[in-house]
Structure formats: structure tokens, C-alpha cells
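Pasting a structure below so you can have a look.
Residue numbering begins at 1 within each chain, and the chains themselves are lettered A, B, C and D in the order written.
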């Protein structure tokens, strides 16, 4: 603890940029590295989840991510469940280059109501492709649409908000009782953002299969400007990983997955997140660079079109290759934005680890 | 304490950029957050004061801030009390784009004497609009014009200088005896800049209703270049908040308000300032972005036209919206410069707090 | 050790930019400084090795470095051993300015197989010039071509990879048994990159005459982006220098040379590396600035053309002078990129040291 | 002390940019501040010395600095003692804009020998103007020209080099025996750069009236690139100030002045240097901004034309006003580059100090 001043003390907190992995004793061939990630009854080839954001996940790209061996999550309160055919809307809003005009127009197009039947339809489309199905709602919309989602048939139910606590106080609506909700639901629930040991422990006790660690996703810088809140990812993961261990002890062995969400634009960030204690990562911006991305190079989160307090500025990326190349390579750029899986595999090989779970123990340094 | 070298030790001090708020356990609906701020007999809808600077506060904009629920303070030694009609002067100096020429011309127009009758007139105009009235003088001019201000009728008397101590040594003029002055005055006095525990305690003992924490307002970077002096805001607030507590104890319960003054360009900064111990904030630059701002996008403080040692470079901002949008929204930019009140409200909601006073206890981290 | 979070602690680690040399008591004339470096049976005028990279080392430039008093190492799996006449290939790939296109083309030209007879031919050419001969292979190719290299006649055998451990686990190929390999070889082996005390100790125990400290050479920034791995050089050298001391004790006096490899673009960096414990340095980018450099201003490492995960972006430098001027001056630029030897000599003179070995004890400061 | 790695520990060191002055309890009127500086038998109006650099000091500008109340030091191995009329040379080299060409041409024009009779002539010119006379030599040239300087009649003899120790080892020339030299000389000697407690103590014991603290003057960044050496000024001053105290004790009361030399481009830096323990400062770059500066906006030190290892890149500044305005105002720019004396005076006033000597005790903070 450090003194900020006479009446306030604080810990130092570290982002992924503040730390680095250190090669230690052993090295290992790429063939000796196993990236398999198993959560609940499903096994994935690698521990990377595509974030439920309209700029990257459509039914089509979610299916492609599943076929490549990962998990694509569809945003169930985005354009795909508000519009029968969202392509013209995407075409229009991604053609706007002025930031203020884009914000205003997004505020408009997202005011179209969510349609239950479109939720059913989109989930069905993904399920029929034979890949794991996952859809995401915000805590605000979870109660209204949860049964629709459940009946549509999903493998994972994702509740994703800027910040999600197990204890929400509200005077208007009856707040979501997470514990009862998860208990009643037939499918495993992944829930977040959470940002501290205490919050994570509450979510684990509420029955989450996985907790998302982060706050505001890729909009971290904007969130700090608007709210003063920041969640340096390396420290948050190291805290939540401790909650995982403590909860496993108190629950008699239930293992809740820790999933880093946000701030991971390059394969090196993914490796660092796991080194800090994550079991898997949820990524956004690297997939916005894929040529198939619905956002046509633009990338935005739900905060970007908030009606009174927009945050998380829409950003633009130049496409680098196909979704396949971005996820599993081959890469032809040397900056960690392509072949995310290959980068992670090599990080383990270079430091002599063969499993993601073991790699959580790798030595780190703080860069001065 | 750290060694600078063998003969000098120093504390580390933190600016608002060096720290961040951490969401902890609970969340809360926006409707459950109460931002009311009560000082002396007056209650405001939110704890934001508009700084007494010619570039943002005219009688008209001070009235508008009051109507929106905050407190606008008029600079009583600025253009509005030197000129019967300052609009042509504002028009002229804001049309000059060259920095050196602007400094020279400001040095000239501000040499026009302050007129007592204009003080009376400007205060009357604001009072008749039915909003709280506040005017500011520098310590140098306080004795000469204080009785005029008092008779004009104000709710708050603000004494604002680069640095104000309760103990000023001068060989030329009889220095202001703050303690006697405040004792004699009928209205509550808000006084600053102060920058340390000791200085704040002196001002509290002198009878201040509120102390302004800061040094040189928005001109912080310039002040450091010219004088070598800097007051990292987070640390200064945490120190002065301790003086508030100690003085409350020694005075048998008198609560002096701590008001952060300067370095707060975004709603996130306001949330951080309160998290460090402030009861309220005095802002300048965000209001210079309002379309109604008298400075027409330019923003400057009294130091900018000092005759021998100008500091605090005049800066330019692009307008983002109306004064109402800047203060209470809605916002259409995602960077924290609009809807300051909404940003603060959401910061409390996201961390589960319902009152500004409680929010002073929120956990912080130091960003590495 | 610092807490990253509840479940993870880490050391701070320092790059050469984070530290500086402090002049202490004495000064010394330039004539009183002796930069001679002796490793195994060979003595060099200064402790600078040219890195085995196609962009800087051809047989011709390796000979020139040797004549100037240093050691030039030829890359034995680069263009000079894949093509009878690599000049047209160099001409072509250095004419490509687009980064992605250059990566793709390099991936192609480097797919041409390595030819044993060209290894023999290149080594012979250097040997006949009467300068020390050194060739480098990666760990992957060492077993296949080692006997060719040995028979070609070299003074030093360099095994250089991104990271080299004494314990490599592989399921495909029988991994290189470094200890036996070095024992069987008639020539001294310099091996790396290694990045930690433990790894260095293993390499020393395997019989290395010198260990290269670093990871990915000049591609450090790229490596961190792609793999999350970083080896802050100052800390790595100070760790490996301790391994040298401990190994000297356990081996009864065998002195293994510590050679900094990467991150040294200026003469000041070379001085700092030695101050951290290095006996010598292996440099790349400063030599890419020589007018004779085969890369024609472009500089790249083996990672740059990796077929599935390229790293270490090709960079461009403007030529500053001849190889002689870059190494031993005179300089006509004041930025440390020319007269590397002169810069090192003056660093010792200014701090009163006469020998490289003693200079390892100079006092350092960490820059805040 | 912090671990760089297992075999190396280091202190953190702070530059003037890393620290700031904190206003504490009292304030004071500008009229209550006394900046008088007395060294040996001479009293100056303010503790600012103009550095012996050709780009700022000619006989004419040295006289002007003296008339304004400070001390101007002429470089006795610069153009004014190599050329009868250096103006055409200055005209020519300041007309060259290309950096490399300028370095080459400076290497040529400075190869013209120093002429003893010109030393005599230049000193005479300054003396006849009725201001204090000071000339500077490097340690290399001190023995050859010292008697000429002494006979020419100076108030202060300055020996200024990149680094000057009381113990210099050389095999070619008989090194300067500083102790004997100073003892034999009739005039007070100011000597440096020195950078540590130990070096300063040696120079004080050798009889120096003042020690210059710094290394390479304004060329600090370049020095670090070329030599790896850096002297963070705040820490160096705090160390040397302790040597002043210890030497005063061991010598039975001899007070040696500590003079910060380099890294002070703004009045705020001057205030910070004194706050760290300096009695006076030697400045260069601020004076290069004066319209009278011989360098016509260009600024360079002796290292810039070193024949084999140039350092300290020539830099260009836009003129801001007359030498008088730069030193004693009035200023019309708000960045600390004009009215250096006014800035220092106000720094003392704002923190309640009346004397430079007392101001050395002001509280500092380290900026995070």
C-alpha cells in the first residue's frame, strides 16, 4: 500500500503493458503444446472467445469461429436481434466517418426494439451449423429475454455488462437475482465484467461457470475519462484467480473459469493474461481486423451508443487477413495481430510449458 | 519518503491521471444515486462550481449554471467589472490567434480599472434571476472591494488566488487579515488555492466555509515551468481531507468543505477528485467547450495577462454542445467532456454508492 | 518483489534505457583505457561482435569487422549459404518497401534449402583473409550442419536462437543434447539467447565458452507483442553475471563470457551493458547503418520471415558512414551511432576505469 | 537501493522534471524576496551565471549580463580567442542548417589555435566595462593558458569540462594537479562538472570556491546516448549539497558554492535546482533565445565539435526577446523562458521564503 496523501492509501495496479513473461529454464517443441480448453461439457481447441459485439460477431462469423475451434458469442441485443436484415444498417453506419455523427446515428438505429423471435432464429442458425452456441445479454435485459434464449437452445448463456455485481440495488426495477436466475437456468452461465476479488467471489457463489474480468471491454481508456474507473487487467486477473482458488476451497472443488475480457489486442496480451491467471480470454479488436468482420473495419461496443452518456469511441482498423488467419494463421505481419493461437502456442513452447493451466504459474516481471 | 539524494527526501505525489477508481462489490441503479450538495444554507443539485474566469462566466452563463442546479461564480476583477459592455472586448481578444499578440493585448485590456458600481450591477443581475449569487476577488483586491460585494448581496464570497495562505508577509501593503476579514463578513467565504495539509488547516481556522485545493487552476503545467511549483491534485486532496477531519475534531464539529480547483477536464476527473476526498469541484475548461461560453472557445485565467510574468497559456477548445449538455447531458461524445453530472452519477452507480460523501471512501488504485 | 495482485508477485526489471552510469571519483586519459577482450585463445581489440544477420554480415563485411579488431559472425542459414550468389536476392528484397509484401517475399526466398558446400566455401573465404572465423546456426539446424562447420574450420561456433535452453522437450525430433554436442566439438561454442540466471547456469554447465543474453535480438518490441515475452536487458545481464560467478565457483574457476545480444543501438547502450556485467556485446542495428551493409539500410532477423508467425519487423536506417567509421570512428553525428569503440573508451575514461572487466563494477542509477 | 538483478543494485535518481516544489504554509510579497548572491568578494543581484558557450557569450553579451546583475563567463577556448574577428565565422556556421554539415564545419573552424593575446584582449574588454570578469578553460588547456588568464585580470577562473575529477590519470601529459593549481592561483576557482558526493568533496578539498554540478551541460540526452552516462540533476544536487555541509564541517567553516550546470531551460527549473540545494545556477539555452545571442538562435557546446566523438547536438531556438527580457523581464510568454529572475522571485514569494539560502529547505515532492 502506498500513501496517496494523509487520508488515502492505495495499491499499485498493473495493466498487461506493464508486465512481461520471462523465459525461465526449459524450452519445448510447438508440437508438445496443448491449448485445449474445456469448460462445462464442451471442449475447445484453444481458449479464445469472440466477444459479443456487432462489429465482429454475426451468425456467420460466430459459426466460423466455432469451426476454427473457438467460441463465438452473439450479442442478443444488437442489430441481429433488432433487425430482420441488419446488413443495410451495418452498411450505413460503417460508412459514416465523422465520430459525432456516427454516435448520433448509432443512438438512433439501436433504439429499434429487440425481437424475441429474432433471438430464436439467430441461435437456431448457429446451432444448425454444428458448433457450440452462445448468446449474450446485458443484466438489464436478462430477465426479459432469458427464457427465449434458453428455449432457443444454447450451450452457454453470457451475461455481460460494463460492471456486474451479485448485489445490485435499484428503486425502479426488481433487480436480477443472479443466484436464483443461474440456479433455475439449465445452461452454464458466464457473467461479468467483474474487477475485484470480492465481486468475483460473489459471482462464483451465485453459480457462474465462468466470470469475465474487465470493465468496459475495449473502451477502457474512454471509461476512465468518463467515469474515472479503470481496471488494470494484470492486477484484476491476479486478484480474481485468487478468488477462484478460495472459492474452490469453500465450495469443495467447484472450478470457476476466469476469462479476461478486454485490453487484448495482440497475441502477446493473450499470453500475458493467461500468465496472470486467466483460463481463457474474450477478444474483440483483433477480430475486427478480419476481412469478414461485420463492422467493415469499424469496431464498437454497446457503450458507444448509450443515449445520454456514450463511451467507448468507435475505432477503425485496417483489415489484415481472413478470420482464419487472424485466429490460427499463418500470419504475414510481425505485430501479434494475426495467428493469435500460434502466438500463444509459441509463448508456451518458448518457456517450456505444455498446458494452459500450468502456464498460469510462469514467472512475470514488472517493466519499469 | 524517498531519497532524492543525500540531503533531501520527498514524498511521492499523485495527479488524478495517476490514479483510478476500482469497482468493488455492489452496483446501484442511476435512480438510487443522490448528488445533492449542501454548503451553508444553500443546496445544489450537484457538487459542481463554475470557476470565476472570464472565458466561461458572464452574468448570463452564471445564471444558467444556477438554473441547471450548480453554482456559477463571477470573476469580480475581470472584464465584466472593468467595462460597462465587455462584449466588444471579448470579441476582439478572442479573435487574436497569435499567442504572443494575445498575451500583449490582454495585458492592455485588463489594465482598465475595476469599477465598484459594475460589481454591484453584475451581482444584482444574477440575484434577480433567482439563483445563488457568488463573486470572486483575488487576495490583493479583497480589502478594497469586499464591502461593495457584501452590500451588493451575495450568497458566497470567493477569494481565489494562485496560492492563498492565512499568513502573508508583505512590506508594501497591509496584508489581508483573513481571520478578522471572514469574522467580520456576513456571508460564507470560500478561499484558496491551498495545496497542503498545513495551509488548509490555517484557512479552516481562519473561518473559511470552503477551501479551494489547487494551484494556478488549469495553468498547472505552465506554473510548473515558470515557478517549479506543482500540486498533484490527488495527493493534495487526500492531504486536505485529513485537515478537514482534524479541524472538525479541534473545532468541535465545524465541517469545512474541500473543493478541488483545477486539473479536471473530464467527468472521470471529477469522480476521482471526490474519491480523493473532495466535497465538490470547481471546473473551468469543460465549460469553455459550451457554445454559450463568453471566451468563444478560448480559455484563460488571470495569470495569462500578468504584466511581467504571464503564465497559464490561453488554450482553445472546439465547442461540443450547450452549457446544459456539458453539465447535465445528454452527451454525444464518448470522452467525458459532456454530461459531467451524468458521468459522476454513473461512477457512483457502478461502484454501488448513493451519496457523494460516502463515495469519498471508495477504493483507489495507483496506475503503474 | 511486488504484488501484481493477490495471486501473483513479480520483480521489477530494467532495460538499458531505465538505467545510467554515474561518474564517481576519478577520471582517466583515453590513452589509459584498454578495451582488449580475450575469449578462449583469441584476443580482440574491442569487445564487440557483429551479429549473424544477413542484413549486416556477408563474408566481406565479416572480414572487415575482423580487420578492424572485432569479431564478425556469419549467419550459416541465411542467404549466403542458400544461394551461390545472394547479391541479386538481396538487391530484390531490399528494393521492396511495403512491409507485408517484403515479409511474403522473404518467406519465399528463405525457403531455398541450405547447402553444405556453401557453408564450407563461405568459412574458407573468411579464414583466408586471416581474421578470426565464426559461423552461427540455430538450435534446429545445429545437428545437421555442425560437422560441416567444424570441418570448414572455425574459431567460434555460435548457436543462436530466440531462446535456447539446455533442456529442450520435443516429440518430433531428437532434441540437441547441448552438453554432449559441446563436449564433442573441437571449437569453443557461444550459445544463446538466454534470459535468466537459471538458463544461463544450465548453458554454462553444458560447456559454453560464452552465453548470449537476450531474446529475439533487435526484435524485442515485436516479441513482446507477439509472445508477451520480454527480457529487460539490464536486469537479465545482472542476473546472468551472477550465474557466471556462481558457475566459476562450482566449476573450480572456469570463466564463461557473458555477451549482451540485442537492444544496443548506440555506444551508450554498449557501455551500460558492460556496466551491468557483460564481457562483450553482440550488435546488429548500428552496423546496418554502415554504407557497406548488405541490407542496403534494411535490417532484419530470422524471425522476420518465419512462415507462420513472423516477428521482428524489418526496419530501415539511413546510412551514416563506413563500417570503419561506425566501429572505430571518427564520428560526425552526436547520437552514439558512430564510433562505438570511441564511445565505450570515453565512458571508461570519464569514470576512471582502465579495463572492461573492472568497468563491470561501476555504479549505476535507475532513472525515475 | 533497488535490485537491477542478482549482481547489481542501484539507487533511483531524479531529474528536475521528476520533482516539484510544494507551497507550504506562508506566502510573501515579491518585495520581501531578496535574491542577492555573494561568492568570494563579489555580490550579484541574482544567482544566475551565463555559461561559457560561444552561442551565448561574447564579450558584449557577457558585459550585458554583468550590467543586469549576473555573471557572464566567456569561453576562453572558443571562437573569440581563436579568431581576431569571429563574427564572420559565427555568421557562416550559423547559416548551415544541415546537422552533419554543421558538425563537420565546426570541427574545422575550431581547429584554429587558441591565441594567448586574444585571451588578454577579451578579458580586458569586459573588465573595462566595469563588470565582474570571468573566463573558462577546459582542464586540458588550463595549464597552458592559466597564467595568461590570471595576468589578464579576472574575478573568477572557471575550469569546466564534461567531467572534472580531482584525480585524473594520464599517461601522455602530466595531469593538472588541481590542488596545487588552485593554491597557486590568486583568483577564486569555480570547477566542474562534477556529479557525485565523492567527486564534489575532492574538488572542495582541492580548494574550489564553487563546484559546477552536471555532466555535459545541455547535451545531457546526447551524453547518455554516446557514453551511457547520465547525471539526473535533482539527485546530483542533493548529493553535492551534502558534500558542502560535510566539507564545511571538516574544513572548520569554509563554504563552497554549489552551482547547478545544465538541464535548466526554464525559470521553474532554476527554482527547483535551488530547492535541491544549489546556491546558484549556470544556464545556457534560455540565453540562446535572446535576440543578442551570438549563436543567432543556434546553441552548441564544446562537445558538438569534438573531432572523433561529437556529442551535444546543436539545437535551434526561436528568439523570444532581449537578453534583459530573458533575464529580468518583463515576459510576454507563459512558458518560463523569459524573466528568469522574476520566475525565481515569485517561486520564493509563493512559498513564503525571503532568501535563496533558506529556499534550499523548501519541501519537494516526487511526481509519479
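Please note the rule applied: contacts are C-beta pairs under 8 Å (C-beta built on N, C-alpha and C of every residue); 3 or more make two chains touch, one makes a residue touch a chain.
Quantities reported herein were computed from a predicted structural model and do not represent experimental measurements.
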If you list every residue number at the subunit A and subunit B contact, are more than half found on both copies (same) or fewer than half (different)?
different
Between subunit A and subunit D, centroid-to-centroid distance (C-alpha), Å:
57
Express in whole angstrom the distance between the two chain centres, defined as the mean CA positions of subunit A and subunit C.
40
Would you give the residues of subunit D that are in contact with at least 2 other chains, written as numbers and ranges?
11-14, 235, 366
Based on which chains touch which, is the overall arrangement a line, ring, star, complete graph, or other?
ring
Mind listing each pair of touching chains for me?
A-B, A-C, B-D, C-D
In their complex, what parts of subunit C are in touch with subunit A?
2-8, 10-15, 18, 99-100, 103-104, 107, 162-165, 167-173, 175, 195-196, 198-199, 202, 215, 219, 222-232, 235, 303-304, 307-313, 366
Flag every residue of subunit C that touches subunit D in the complex, lowest number first.
11-14, 16, 19-29, 31-32, 197, 234-242, 245, 266-272, 275-277, 329-336, 339, 342-343, 346-347, 350-352, 354, 363-368
